[in-house]
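Before we start, here is the structure in question, set down as structure tokens.
The letters A, B, C, D and E name the chains in turn, as written, and every chain counts its residues from 1.
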Amino acid sequence: MTGFIARRVGHTVLVLFCVATVSFFIVRLAGDPVQQMLPPEATAEQEATLRASLGFDRPLLDQYVSYMTGLLRLDFGQSVFFHRPAFEVIAERLPMTVDLAVAAMVFTLAVAIPAGIVSAVRRGTATDTSVMASVLVGQSTPAFWVGILLILVFAVNLRWLPASGTGSPAHLVLPAITLGLYSAAMIARLLRSSLIDVLGEDYIRTARAKGLSGFKAVTSHGLRNASLPVVTVVGLEVGSLLGGAILTEQVFSWPGIGRLTVEAITYRDYPLMQATVLFLAAVFVVVNLIVDLSYAVLDPRVRLT
Amino acid sequence: MSEPLLSLRGVRKEYTGHFGRSKVVAVDDVSLDIRPGETLGLVGESGCGKTTLTRVILRLVEASAGEIWFDGRELLGMGRRELLSVRENMQVVLQDPYASLNPRMRVGEIVAEPLVTHGRVRRGRAEARSRVAELLESVGLEPGSQDRYPHEFSGGQRQRVGIARALALEPKLVICDEPVSALDVSIQAQIINLMKRLQAERGLTYLFVSHDLSIMRQIADRVAVMNFGRIVELAGTEELFTAPRHPYTHSLLSAAPVADPVVERTRRRIVLRGDPPSPADPPSGCSFRTRCPVARDECAQARPPLEEAGSPGHVAACFFPVRDAAELVS
Amino acid sequence: MGTAILRALRRNHAAKVAIGIIALVVVVGLFAPLLAPHDPNLQNLSLKLRPPFWLDGSEPGYPLGTDKLGRDVLSRVMYGTRVSLLVGLAATLLSGVVGSAVGVVSGYYRGWREQVFMRLADVQLAFPSILLALAIIAVLGPSLFFLILVLGLTGWVSYARVVRAEVLSLRTREFVTAARAIGDTGPQIMRRHLLPNIVAPLATIGTLQVASMIVAEASLSYLGLGVPPSIPTWGSMLADGQLYLRGAWWIAVFSGAAIMMTTLAINVTGDMLRDVADPKAYNR
Amino acid sequence: ASTSSPASGEKAAAALRVSLASDATTLDPQKQGDLSSMNVLINVFDTITVRDTDDKLVGGLAERWESVDPRTWRFHLRQGVTFHNGEPCDAAAVAYSIERLIDPATRSPIVELRLVTKAKVVDDRTVDLITKEPDPILPAKLSLFGGVVVPPKYIKEKGEQAFAEHPVGTGPFTFESWQRDSQITLKANPGYWNGKPAVEQLTFRVMPDPSSSLAALQSGEVDVVTGLTPDAADQLGDAPGFKVVTAPGVRTFFVSLDTTEGPLKDKRVRQALNHALDVPTLIKSVLNGAAERTPTLIPRQAFGFDPAIQPFAHDLAKAKSLLAEAGQSGGFSLKMSASTADKDIAQAISGQLAAVGVKAEVSLLDPATFKGRLVSDNKKALGAMYYVGNSGWTMDASSNLQSFVRHDRRQSRWDNSRADELIDKEEQSVDPETRRKAFTELQNLLIDEAPFLYLYQVSILYAVSDKVRWKTNANGTLAMASAKLA
Amino acid sequence: MSAVLEINDLHAEFRLDAGTVKPVNGVSLSVEEGQTLAVVGESGSGKTATALSILRLHPTPPCVYTGGEIVAGGRDLLKLSEREMRGIRGNEIAMVFQDPMTSLNPLKTIGAQIAESLRLHQGLSRSEARSKAVDALREVGIPTPERRAGEYPHQFSGGMRQRAMIAMALACRPKILIADEPTTALDVTVQAQIMELLAGLQERFGMAIVLITHDLGVVARSADQVLVMYGGRPVELAPVDDVFADPRMPYTRALLRSMPRGDVPGGAPLDPIPGAPPSLFAPPRGCAFHPRCALARPECAELVPELTEKAPGHKAACVLEGSLR
């Protein structure tokens, strides 16, 4: 167990190191924040002065070394545009992002689990077909499209829910649905196929031979076994819900990390870009580490070595 | 007596788990000789190391220690090229006729594969087809089966394909790892007869692994009994069945049911107590002692060496060899 | 496998319809220049935002209406087929080839290769793909080729993981042992024994991925990172049309319907392939 | 924030909610240069001079000003103005503000005051700005954020960071709160020198997606939607209770031509392309009429605009014959870059050029990349043609021509010695008449040489609910002090 | 003594897309209290299908019970509702499956899996069920059952898992135990232990056992009656001695002859049955065994023989009359 964790932490550090390095160089491919800051009529001297005062005129390797050593001190640099530490800028959005991700996850699971169970148990029936068809529609509709349709229906026409913004739990509903729809579809499908596999296992037959009803056999013997492959995907999805909400946040004016990423990109705010990438990567690896650990809880056969 | 075709000396194989998982000694100090033209049977319970031993011989897994001499050459130190030439003379038939054939290859391709790999024929040539047809015929399959896929065959037919593949290179030694245990009884006999016939026709040497003693009695010339990675008894087949010395051999013989209700009702059985120990945590001394009806304190102290027991060529590894089965029945 | 597919098809009406749709889409894509009534880029500013034929104010010759530059929506949807399919297929192929190669090698050899590749996959997964898309497209300019490259590069990991898992179980199968006993080398085993046996799962994720690539193209278009505007795509039409949803809904709805129908058809086909590839799950 | 619940009704009486397409980056008015930040800060801070709603330059924190000598402008400040924290806004504060802005350590992206070297306190109510070269339009520049005045004591005491978190200005509204990327709330400043605003509370809501911001307007979550494109504005349709307001703007669009090489080297070709464009149709169809034709690069409101100059007529025959004269009757192809924001218009222009056989392949770049290439030292980075807009907020033609005309300027791809001379003249003279003449000659030259394709100045579009009374000024910043709620 | 379980002419078929298979085609059998009926046959002959039919555990669809009756405790199980059937499963009739690894839920403790049926059928509380589960484990000879009950299947060896399965099946003291190849996956020495254990428990509790196996040795050891199945049909039903001593169906005879025997010296070639078992999708016309039968007659290809009494208490499905010796 400790060995496992030590090894995984090692991997995590390695992955984050690579991500930090790659992002450092990749953001510099995409252009320069100084050019974005200044109006087009700025003169070359003005540009040079600003660039120098931000330190972007130093040799690349120099900048890289100081960035990496900064990271060791948990210094993620100063956002060029926001004039504040990049870490602070991210930390500020975190609660909103977490709210949305949690709400989306709740929606995802609330939809996916019943849908997966019903269609697996009623495999091949009309119920299965219609559930899976709706799931596929959910999976093949881009988020920006779902979002705007929801807004038109529920905010403009029905006026049940606010179109955008934050503040109350009601504000969470539409973005959470938009964000969770794709994951819900994917998890429902996965749960279905994994449950179908599990339902064919001998121990389900054993349970039925004991006198359990079909439903009880599914819930008390099937679900936990079927959840193993699903948990991996849920882990990956949590990562993407936390970071991949760009389109949804855009449509619903949700002030989360996704939009911050877009802002950092449009401003070419190097330190902020680097910091968001690193943050998203860190969330991702940590969530997946938790997923791996949760296997040990879910499955007594798994020994973390 | 002729030179042995295959000689094992002190062969050992340990599997080490990742990151501190306990190691398993799957094959422990095995020495054996197989003479040209004979069938050496290897029996033992599940997990005793039979498969591992065959894989070590085939160099599919690397031995941890020991020497393996095949046809006068030492295998374990060989390079890739040299090994390829040895493989022409040493082939394998595997246990599961469903898993041992690539489901995406036609039977013809499967049988031709050794020929292609060893450069004997070119893939898809007429020459390859006719050679494959011959081989299929010799194992009792229609030559026209070449273009069909394995799933179109029954288990017995598949095992015949597996045998044809093993024979393609005309090897001297065929290692058979439980070739019939996945088959139905009515089919087992077909395959055993086939293997015996091929041996007679081609002068093959078999190392025949099984856990089924009744099959051993039909096919083997000599039988080695394996327990916990070690050979615990080795004797000519009849001698082993009629006068076994090791209590483990006794228990195996006694446990195997006989298809005759009259015999069964009168038989006196040795029912072992307890479960086989875990390979990761073997008992000290003799590894059978925890279940042995006649174990004494000495058995925990040291490992009994494999020693001559009774007639020549009969060896057993027991401090207290059994002379009369009655001793064992409680 | 072929006969199994046919057999599955006979039974599976949804899949029959799905394959029909895919065939239709492919035909439309291939023959768009012959089928489309107009040049998809031909503008007629005086005919902008005309509705489809059954509504008042429609313009004869523009059955599905026109967009804001007076271009024919039908022709654009037809031409869009080409790009969407091309993007979907090419990106899938690219990620499939890269991912399978990585997966087979790391699954078969294990050891350091596996470690390196799997860490690489972690990095790839942890790295936000939008940033990669942006960097590449910002530096190299928007083009079909780079779009495919970006989508392809972000998609390989799922193949690599599936293939690796598949190979990990295949390599312990007896026919691989048999091949090693015969003397086959690693590359021979990978080519003759492993790859043919992972085709089915590959085809399955492949079909599913084609669909998600088509959707991804739409999303990148929405963020302005799609293909050059002279190339009509479903995604960019959908993204453009989002603004007109309340008035000129037809711009987005027809392209959206095309995306939805195609991805749905592909997904249904993929599901069918998976069932065929996994008879165990099927005959239960 | 309020939902569509009835509660919003009572609040509406005092509160005005305005949507913004993107959030402010910082609330330190001297550290930002983006429209979103300005939109907010213009309500919290005052500038030394101001454009009124009729676009006339009038007094802001300064009541009047004069040119003391060619390199010195003197400003006389309004009396009794205080910052929201009570700090007096006197000459020292103005001087401090100017000095802070031009100090490189501030890293300000505001570039208008590049010629200012020093701010000198003459007395309590008088400040001199010293420039290194004559700057005839300095007072106009001070109506932008170059002329913003910040509280010296507050900044010194609380620090830069605190100031940016909680800005204190002299403006009509005081800062309340800022939830980043979501909303900024301001309160009316009861002691405002120009009278307390009618709106009690002003909230800016950040809504990047135009469709959803319009949806929010319709569902009663905001009162004003700003930053609309003509297409987006069109979507509101004739929904009752809402309207789209069009106000004249100064942002002027044109297509830059690379006159240094290729077919565009020939002035006849350039003229031909200008004749090939049907600008009124572009305006009508693509921009839904929300623009006004400009003969050259100079918007109508700007000082120096000569109404006598006639724009190019749409004349395909003439265009073709000019091309034929230039030996280009077979047409040619080249690349036209544009920002993704201008996708449609760029395609429409390309479509019109196609009518005379010129294939302009549109290449769209995301706005940041576009800007990066625009300002890069590689003048060819955007290809032979690019579609671009110029804000010209000073409302002096000088700003419109500044970086595009004189051959050594960063975005210039035209080398004409007469034009260079005329630019020098208008930029260095403080005499309005001299400058006006120079501008007129320049405009004629621009028509004759046609180094650009001239298009239009776009209007400012915003959608409001019927209860809002408000008029924007031409530079399009959202000064809300004059807004009223019915 | 009376039969606790009696099956008369049971038919079950699977309606699959690829065709209809009839793995249970006219099966009749009966078992008495304390007796063991062995069902033997090659792989695919319908043994498991028959066993699962008794408890109606086949998924429906695709399975349809098309005829016959299953009488246990005076009721025809085929006529019971699913709810009533649940009360019988695990309670009156219990089942032990072939592969103890896959038949146990890997994620639940052994104790919990045994307690489950106790709570279900006897309405015991969690802790009562738990302590009875420990008792059940003790009965099947698991050492330190208190500790073992809290362990997971993977912590058990193969033999122990099968014991746990047996403990689970016997926890509610069923009248009938159906054991589907309970020892096939085990080593001979462990197999002997398990058979011994079953015999002992049968003696103690007096239940009837339906023992499904393909191993004639196991049949010889433990059965009272034998039912031989071939291609989904019963082909011979008789007391064990009669089947071995005087098989009346050529298939049974051939099967016995093809068996390698461990108790006699080898050397002579075995006498295998030629060909392969029939496919249930396309069964041969007439007697399913006729293509492989050395004694086949022309009419065998036409007519499907019924299971008829050839000697007192000895039924076989074959046109041949009299002893085959």
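In this section, contacts are C-beta pairs under 8 Å (C-beta built on N, C-alpha and C of every residue); 3 or more make two chains touch, one makes a residue touch a chain.
Computed from a predicted model, the values in this text were never measured in an experiment.
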Groups of chains joined by contact, in the absence of subunit D: one piece
Between subunit B and subunit E, the fewest steps along chains that touch one another: 1
Between C-D and A-D, the pair with more C-beta contacts: A-D
Chain centre separation in whole Å, for subunit D relative to subunit B (CA means): 88
Computed distance of Cα centres, subunit B from subunit A, in Å: 53
Touching two or more other chains - residues of subunit C: 134, 138, 223, 242, 245-246, 284
Contacts with two or more other chains, residues of subunit A listed in rising order: 30-31, 144, 148, 152, 265
Where subunit E touches two or more other chains at once, by residue number: none
Interface residues, subunit A side, partner subunit D - complex: 30-32, 35-44, 46-47, 49-50, 53-54, 81-84, 89, 92-93, 96, 144, 147-148, 151-152, 155-156, 159, 161-168, 170-171, 250-256, 259-260, 263, 265-268
Residues of subunit E touching subunit C in the complex: 16-18, 59
Subunit A-facing residues of subunit D, complex: 1, 3-4, 22-23, 25-26, 28, 31, 33, 104-105, 107, 109, 111, 114, 160-161, 164, 179-183, 205-209, 211-213, 215-216, 218-221, 366-369, 371-372, 374-377, 390-391, 399, 402-403, 410-411
Footprint of subunit B on subunit C - complex, ascending: 173-175, 177-184, 188, 192-193, 196-197, 199
List of subunit B residues in touch with subunit C within their complex: 55, 58, 60, 83-84, 87-88, 91-92, 94-96, 99-105, 113-114, 117-118, 162, 165
